[in-house]
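Next, two complexes with subunit A in common: one pairs it with subunit B, the other with subunit C.
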Partner chain A sequence: MLMIKRKYRDTLRALVRAAALGLAVAGMVFCTGTAARAAGDVKLGIVTFLSGPAAGPFGIPSRNAANLVIDAINQGTLPAPYNTKGFGGATIDPVIIDEAGSTTQVVENFRNLVQQRHVDAVVGYVSSGSCLAIAPVAEELKMLTVFYDCGTPRIFEAHSYKYVFRTSATATMDNVGAARYLKQMFPGDTTYAGINPNYAWGQDSWRDFTDSMKVIEPKSKVTVALWPKLFAGQYNAEISTLLINKQQIIHSSLFGGDLTAFLAQADARDLPKHSRLVLTTGETDMYTFSKHIPDGTIIGARGPYGVFAHKSPLNTWFRAAFEKRFGTPPIYTSYQMAQAILGLKAAYDKAAQEAGKRPDQDEVIKALTYLKFEGVGDAVDMALGNGHQAVTEMAYGTYEYDAKTKTPKLVNIVYFPAWCVNPPPGTKAVQWISGGMKGAKCQ
Partner chain B sequence: MSRDRTLPGLAVATLVLLGVAAAAPGWMVFTLVVSLAQGLVVLGLMVLWRAGLMSFGQSLYYAVGGYTVGLINIQFGLSNALLLVLAAPAVAGLLAFLLGFLLARYRDIFFSMLTLAFAMILYGVLVKSSTLGSTDGFSILTPSFLGPHPGPDATQRLLTGLAALIALLAAALVHRYLKSTAGHLATAIRDNEIRVEYLGYSVHRAIHVKYVLAGILAGAGGAIVAMAIGHIDPEMAYWTTAGEFVFVAILAGAGSVAAPFLGAILFVVLRTYAAQYTPHLWHMVLGGTLLLFIVFLPDGVWSLFERACRPLKRRAPS
Partner chain C sequence: MTTTVAILVDGAVYASWLFLVALGLTLTFGVMKILNIAHGSFYAIGAYAAASAVGAYVQAGLSPAGGYLVMAGAAAIAGVVVGYGLERGLLRFMYGRDAVLVLLVTYAVFLILDDVMLLIWGANPYIAYQPDMLLGTSTVFTLPYPNYDLSLIAVAAVIGSGLWWALSRTRRGKMLLTVIHDREMSTFLGIDVAKVFTVTFTLGAVLGALGGALTAPIISVQPGIGAEVIVLAFAVVVIGGMGSIVGAAVGSLAAGFAHAAAVHLFPQAELFVIYALMSLVLIVRPQGLFGQAQPRKI
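Showing the complex of A and B:
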């Protein structure tokens, strides 16, 4: 019996060793084999969360959008102005990788994408930490990189980049917009509390919101600022504190599963009857969690995306095709991803037309700098960061649930022009807000 | 007793690594420098592990190393790589020396959990410091070397060469330490502390020394990785980072001072390919590999080498 067992183990060990050897050989083959690829294609690296807590609310909806839009571009089936095939005629060959993992891993994967798999451009990154770490690496490797989401305004404020772009606006306008919406729709509400996740995004959101409120409504007062941990999922202590304090407004930049959990727990304890909720990313939960969002809640989508997207043939196609293929309506990160790919297409098409052949990277970069293009939801203007950082409109609305038809909708939607909620070029967002938002054009 | 071939082996390996740093494609150089930094941390873990202690909080010193580089960048504008790789382990070692007074009293799971607690305290503090960018972290200056700035590609290669030399130095010194009486005490401590005390050695002091050594090595690893990545954030201190080091330690085995580096290279290469070719399943590939190793190679990759050498030893007259 023992003998048999040992023999069995020896065989298995030999197998493992053989597998290890095989893996090593396969690795070497991969190393040498990656240079081969179709010459005509544009190899496009797509990076977003495929695993971890940010995959559900952000990563997967944007990956789906990327697949949808790239397929449509390759087939030439997009509505105008994107009804030509490919990137300047060249077929897009997407390479999708995961953004999850430590910063070391994120940088490692980016370098491998560029140096080992030889992509022509990269679109990606949800986390601001990823964007801050990737920007200098993209510059070092001279790789055209388009960030599609990450909120922090620090990227182009502290540095000037040649190869790095961001086609979505910064998180600054989320909170400036929220303050402007409150002033316009609920001018009597001047006391407010905050519940924001305790990490960079939550801290920045709260800072921008309080600074904006000081400027827009000088009489406003903070009752309490709460900082649950990121991905805490359990907010009963915070809800108790919010119930004890008497404020008219509760500001929150909780997102994804955190937001869902908070809404469920707040709803059960009637918090929304006590104070009006302002959810800067509330749109992600609008369709999946309709019944738990109380009427009167103020909802944003980080830009003119999702339910705020303007009517256009492009938007109609996007919503219908997305829902048909994936079974849910696209949320704002889907729009942002589509916007980044369309921006790149606009730049490639423009550069290809000017060059009369397949453009090189510098020509695409030149075309993308200060480019104005049509996103799915709205016009995008690459006006900040020396033409590398987009500004868009900002929109907020008030939530209403129609129990009869079981459909959620937004009423009193207000659109704020880009230069009403974004700092003018050359000004840092934080200083612009605290300095009284000088030069804001809201008409 | 067979001849100890560790030192010549290390020297040859270092020459090979220097060759890779000088001539290999860019992504391979980067993979190597990350592996070497990780190997340094795991080398420290191995020292503790031999005494039966497993730290779940080496990420503390790894982050201290990284943030020392970042803060020296900000405060003094200094970016000299040689200076930074000396300063970071010094700061980490000092912290380990102070915490060691407390931690050296604990064993087993209590030791592990306390190390984890200290790492998470640092993580919490860093997340709350919005001037340091909170969870977003901040960028590191491009490391400079003696003389003019050599350009980004050469900088990575020089840094990798420096990391290889540091790894050689660290491995050689740890090897000497493990061969000394204090080093040999590790096994004795693991097996029977009371006997060690009766022999006249202070277990407390021996563990304290090992803990400081591990802290210094993790600090050096953190500094190197910070300069290679060009960015630091609190995640360096988070328990998942510490867990990764334990993962590599198990993968590598504690058989030799070269094992941690071999394990780290294997780990980073595995992670690289898993992330590229199975973007939706890479966690499973890594986890599955670890499980396979625990079941079939409980003494790590290094045991394969040991087994390959064993027949030679058996033939030699003892």
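Showing the complex of A and C:
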């Protein structure tokens, strides 16, 4: 009996030793593989909403764009000027993580991305709240971070950053552009109300729009400003308030499911028959919710993206490849994600060319600062925030739905040059707008 | 005058939605003393099930009126499957454990169910507005309101009254009330407490899912709706008193009217008005408006 037990124990020990040895060997192979890959690749952190209410309308289209563009860059199949392989020749190894969660969680995930997964750069963030929280942490960790979508202008106006960039324009131009479009298409005094989500994005959007209206249509009057909670989903009381106030224009920066729900509830109560809607992010719902957007609604896409993107070989490829792979047209966040990755590629390529080798982070940062590069929709100029904040042109159009062909379209599209709707370098957006938008170049 | 009427109608519609969600939550707490965070998931699952079922039903070209039955049926089935499965498969092993531990377990279930829903329905929003549009609108003091929204007030009143009647006027309901008052004594009296727990939890899940299903035609059904609603439902239950159905009704009405009044009269307060009301009630009456102070057993 004792012999059997000892034999059994010895066999067990041998098995444990073999398993430990196997694990050690596997670990060494894995580490060697990782090290070999890390030496040649650019490990790129991608952060966007993969769960939660913003995933469907923003996060997933952004992630899809990232996968599409990274694959094409790695294969070298993008149209010129991005028809070379990789970032300065290095293959991109994406690490995609979720932006959902509290601000603390978002910051913690960013730290993990940098300190545990050892990424070389990060592209990400939809929420203005996330961007405001991440910027100082990126600076502390000395990590090249490119914001692709968030709109609050406060990031580079309140601070100066070395490691942080944003390749899309701020919400300022969305709202200055909306006011200019109203002036051009529907001139004259008007009354207007706002319904915007109650956080940085919505507050900044409404402030910039009202300040712009005071300059552009000074006799126009605000009837009411409504502040539903982000992701509230139900707007009965807000719609009643808007019906009672009888304003001519309703400005809204609601987005995603909130915008869809508001449009459906407003449509059911005939609100659009009394007031014209100005939706700064309305393009996201144009194809998915076309029947419920009333004709005459003014639609924006946060820049020259989606239906507003200019024709170019790059845009033609992007739209066709996106639709073929994902079965739906790319929306503006898809364009913004692609634009951020292309901006980083342009910087890496430029830095690699100048260095004659794989560039280090400081060389990439130097190349990206004040860079002018071709986005998918239009040219991008990193002209603000000491060369860290992009400006682009802005566009608005008026929505029409063709019931016969069941297709939505935009008419009376107006493009505003970048320096018509963005403040000049060194000037805060609020001061520039309330000071009469001096120096604006609209011709 | 129009504003006053609008506050009353908007408040009542909002309150009916809150009540439908809070009812299951307060019932589960009253009987089982479980703060069930997963109740938000039941709401979301009900909304998704209803939106999917209505979408399939409409696409099949069947009679639009039948869509309401399909909606409610899908939510009830989803509620029974998830509620019964969860109680039998997990929660029954937690009875008698520390309340905080059970709370954390329901939170874990909530997170798991969120991901399960993401796997089943994906991240794109579901839109099922047909039942809302079908009933048309009525004008209340110059303001048009969808009849579907107004009918929610009646539906909430019927469900609430039905549950109250079932609890206070039927034998099984009185047995359940006995369990609410004293679990140990109920066991001595021969009541099968474990069975009461299973039935109550499943009923709570069905009520949560039904709340989601009835809301689905108004909102955009998307990931995260469960998290948004559970916080509000907790606030309502705390205002009314944990475990009290009448309290849930009064709490819903108070929260609904406060919300509507804030939107119409002082929009900046919309974000926090319900929580301010909750804080006020807790200061004056810590057990909530209709809650009963619990003696500590030593």
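Quick note on the criterion: the second predicted complex is superposed on the first by the 404 of 443 C-alpha atoms of A that agree within 3 Å, B and C clash if a C-alpha of one lies under 4 Å from a C-alpha of the other, contacts with A are read in each partner's own complex, and residues count from 1 in each chain.
Everything below uses one rule, namely that a contact is a pair of C-beta atoms (placed from the backbone, for glycine too) under 8 Å apart; a residue touches a chain by one contact, two chains touch by 3 or more.
These numbers were taken from a predicted model, which means no experiment stands behind them.
Once the two complexes are laid over each other on the shared chain, residue contacts for A:111 go to subunit B alone; subunit C is not touched. Of the two partner chains placed by superposition, only subunit B is touched by A:132; subunit C is not.
In the superposition on chain A, A:440 makes contact with neither subunit B nor subunit C.
With both structures placed on the common chain, the touch criterion links A:152 to subunit B but leaves subunit C unconnected.
Contact with both subunit B and subunit C is seen for A:198 once the two complexes are overlaid on the shared chain. Contact with both subunit B and subunit C is seen for A:50 once the two complexes are overlaid on the shared chain. Once the two complexes are laid over each other on the shared chain, residue contacts for A:342 go to neither subunit B nor subunit C. Of the two partner chains placed by superposition, A:394 touches none, neither subunit B nor subunit C. Look at A:103: by the touch rule set out above, it reaches subunit B but stays clear of subunit C.
Applying the stated touch rule to the two superposed structures, the overlap between the subunit B and subunit C interfaces on subunit A comprises residues 50-51, 198. Every residue of subunit B that touches subunit A in the complex is listed here, in rising order: 25-28, 30-31, 34, 127-128, 130, 133-139, 152, 225, 229-233, 235-236, 240-241, 244, 268-273, 275-277, 279-280, 282-283, 292, 296-297, 304.
Contacts from subunit A toward subunit B in the complex involve residues 9, 12-13, 16-17, 23, 27, 30-31, 50-51, 96-98, 101-105, 107-109, 111-117, 128-129, 132-133, 136-137, 140-141, 152, 154, 158, 198-201, 203-204, 207, 230. Per the touch definition, subunit A reaches subunit C in the complex via residues 50-53, 55-57, 59-60, 100, 198, 224-229, 231-234, 236-238, 240-241, 243-244, 256-258, 260-261, 264-265, 268-270, 288-289, 292. Only residues 2-3, 6-7, 9-11, 13-14, 17, 114-115, 118, 122-125, 127, 129, 132-133, 137, 143-146, 149, 215, 218-220, 222-225, 227-228, 259-260, 263-264, 267-268, 270-271 of subunit C touch subunit A when the two sit together in their complex.
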